[in-house]
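Labels run A, B, C, D, E and F following the written order; every chain starts at residue 1.
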Amino acid sequence: MLTITRRERFNAAHKLYNDKWSAEKNKEVFGKCANENWHGHNYELFVTVKGEIQEETGFIINLKWLSDLLNRKVIDQLDHMNLNLDVPFLKGKMVSTEVIAVEIWKLIADDILSQGAELFRIKLMETENNFVEYWGPNM
Amino acid sequence: MLTITRRERFNAAHKLYNDKWSAEKNKEVFGKCANENWHGHNYELFVTVKGEIQEETGFIINLKWLSDLLNRKVIDQLDHMNLNLDVPFLKGKMVSTEVIAVEIWKLIADDILSQGAELFRIKLMETENNFVEYWGPNM
Amino acid sequence: MLTITRRERFNAAHKLYNDKWSAEKNKEVFGKCANENWHGHNYELFVTVKGEIQEETGFIINLKWLSDLLNRKVIDQLDHMNLNLDVPFLKGKMVSTEVIAVEIWKLIADDILSQGAELFRIKLMETENNFVEYWGPNM
Amino acid sequence: MLTITRRERFNAAHKLYNDKWSAEKNKEVFGKCANENWHGHNYELFVTVKGEIQEETGFIINLKWLSDLLNRKVIDQLDHMNLNLDVPFLKGKMVSTEVIAVEIWKLIADDILSQGAELFRIKLMETENNFVEYWGPNM
Amino acid sequence: MLTITRRERFNAAHKLYNDKWSAEKNKEVFGKCANENWHGHNYELFVTVKGEIQEETGFIINLKWLSDLLNRKVIDQLDHMNLNLDVPFLKGKMVSTEVIAVEIWKLIADDILSQGAELFRIKLMETENNFVEYWGPNM
Amino acid sequence: MLTITRRERFNAAHKLYNDKWSAEKNKEVFGKCANENWHGHNYELFVTVKGEIQEETGFIINLKWLSDLLNRKVIDQLDHMNLNLDVPFLKGKMVSTEVIAVEIWKLIADDILSQGAELFRIKLMETENNFVEYWGPNM
């Protein structure tokens, strides 16, 4: 098994807040992350693609193509945005690192199949101290 | 000359926006950083203190004391906050990395003098790609 | 499959030394790591937990809870300690990175089950140049 | 399952160029990487070995032995070399990160078996933004 | 004194070779860096600019302007190039990290003055293990 | 002004303990760092040398020579050692990061002068969160 991984980055604001709960309960569960005036992160996104080496190029997938896809479908929608307010595919969702990672998978999995390769893993780092990895719905 | 540096970190939201300008001019000057719904960063703060080695401890300054000071005076006010809305010492200011660095200097310079040492430099990283350094008003 | 990872850090001293061997054999097998007066490391511990997204929070597990657990059960026992002398759960064991990783798994696996999630991987970095990963006894 | 990983590094020049194609097609597919006068990278190689803890040492494998093997079989042949011209085991191949990772596996897999352990993964980073992982021909 | 620093990166090939010397002397002085078939690096360039905070923006200098300048004048000429063969401003020079840093200074110092700020320092990292800093001809 | 910096690393054990004080006072001042059974760090040492570019090489100083000097005079004496017990040049001193940095300066400053260059700065990192810089006795 062989994979290649591309890193892209974005900066964004968010808060963790469940509207069905009281302010107290939100503060108890989410701590400082529930601050009503938002806070933010420099996110790092690592997208891993699985496939075979193509003889003519030595590549699993052309990284320039992959980077263009990620910028167009993901980074342009998230970078310098408010994840709770500005991002159509996150509307009405809790914008935890877990949820964002799963939604990014949905946005790009089919495009990668169209190149004869397969999306293998989404890794999303919120800080140096915590990150999420998602291997898709079939694993 | 001898210095010691302590790193602390905080996550915060902000936007760069000059209220005296039109939305168009803000977008032209600040680009994505002017997004009205905020964006954010994992900031890294490096505080450098200059002094002599104290014979009994081998220290310029006790780093536990310095870390406590930084957490109380700086990090607790900035971490998981909105720099434009939530932070008294930034009220009414442009919250660029430059301005935040200069304001952090003002908050802690006197406290460090009280320990027989001297604040030498504030370094504030907004991302891996850009950071500000401030050596104080006398240099 | 979805996981979240939390990083914690600790500094500790140790030596690699098998009491059943001669000093010469220890030096031959462990090299500088057998230095009788100890040496030490800044360890980085990455704890990965597997689970489902909980609808109310968007979390697999509350990272504040996980960080508290890790500090109480692991970091408080290892940080600024001598791994050969000061740590009950390492007594009488070779304190290689491998052994420490396996022992950390045993300390916390059940606690994580109690939260409706599952310990997936312990990664322990001794230096930038070497690290161990442990996926538990069933994998 | 338990693994240990060793990092080694090398600097090398290469270009991505398919001799069967026109210069235009090479430029279209490989972009700047096709520059005929070479370009280069600081590569980081992470070699992961799987095995059991040996009771006498606490080790899966002796990292000094592993580092010596990697330096002798891999780093000495790649460091400060031109990957297209100077490296016998890459002769006539496209020197993509994918291809280099697979070839490194072939060079060392049997040596590691001789130590009672098993090569588990080759990770090769070309830059901070892209890396390849290879889990061998049987996975 | 207040400065802001922007990081940009480029990958390039080079060799260290003095044509007036024998191959033996080159090998003796430059070691592996004299390998005739080139080797390469992922360089990191940090450009530091000194100035006053402009009241309307909170900036010393607009980082988007600075990044555009660096890409146009420096990165486009160095990235994925052979520093000995492809770069007009390095022609006929020893392409050590020292020399490249000094030449980058000359390329951009006047442009930065035109923005009411001042070039303060060029830092150029060849690897994690070595880097050069240049504070200009007047310091 | 032009400088070049070389990084070397070492792992060591130490404790911070003033023998003239009670155990209580040591614990109060040094906290966990006073643990009597030692703790340790992965230290990173950055040695910065100032000088002119030599025309024949493009170098301020030959980094291979500098690395050999650092390994012989500094790293071989500190790596995998107990800084309180094993290191002649630290005998009887408080082994704070400050003191170690100053002592390293004394060990190598004259050797660097012999190469027609000048020691400019010693930077010693104890962890990612704290480091010391020393510019010598004349600055």
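Note that a contact is a pair of C-beta atoms (placed from the backbone, for glycine too) under 8 Å apart; a residue touches a chain by one contact, two chains touch by 3 or more.
Note that the structure is predicted; figures quoted are calculated from it, not measured.
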item	value
Touching both chain A and chain E (chains)	B, D
Most widely separated chain from chain F, with each centre as the mean of CA atoms	A
Matching chain pair for C-D (criterion: over half of the contact pairs shared, by residue number), options D-E, A-D or A-B	A-D
Computed distance of Cα centres, chain F from chain C, in Å	29
Sites on chain E at which at least two other chains make contact	31, 128
Of chain B, residues touching chain A in the complex	9, 11-14, 31-33, 35, 37-42, 79-82, 85-86, 127-128
Interfacial residue positions of chain A with respect to chain C in the complex	16, 18, 20-21, 29-31, 93-99, 101-102, 128-136, 139
Chain E-touching residues of chain F, taken from the complex the two chains share	1-8, 48, 53, 56-60, 62-64
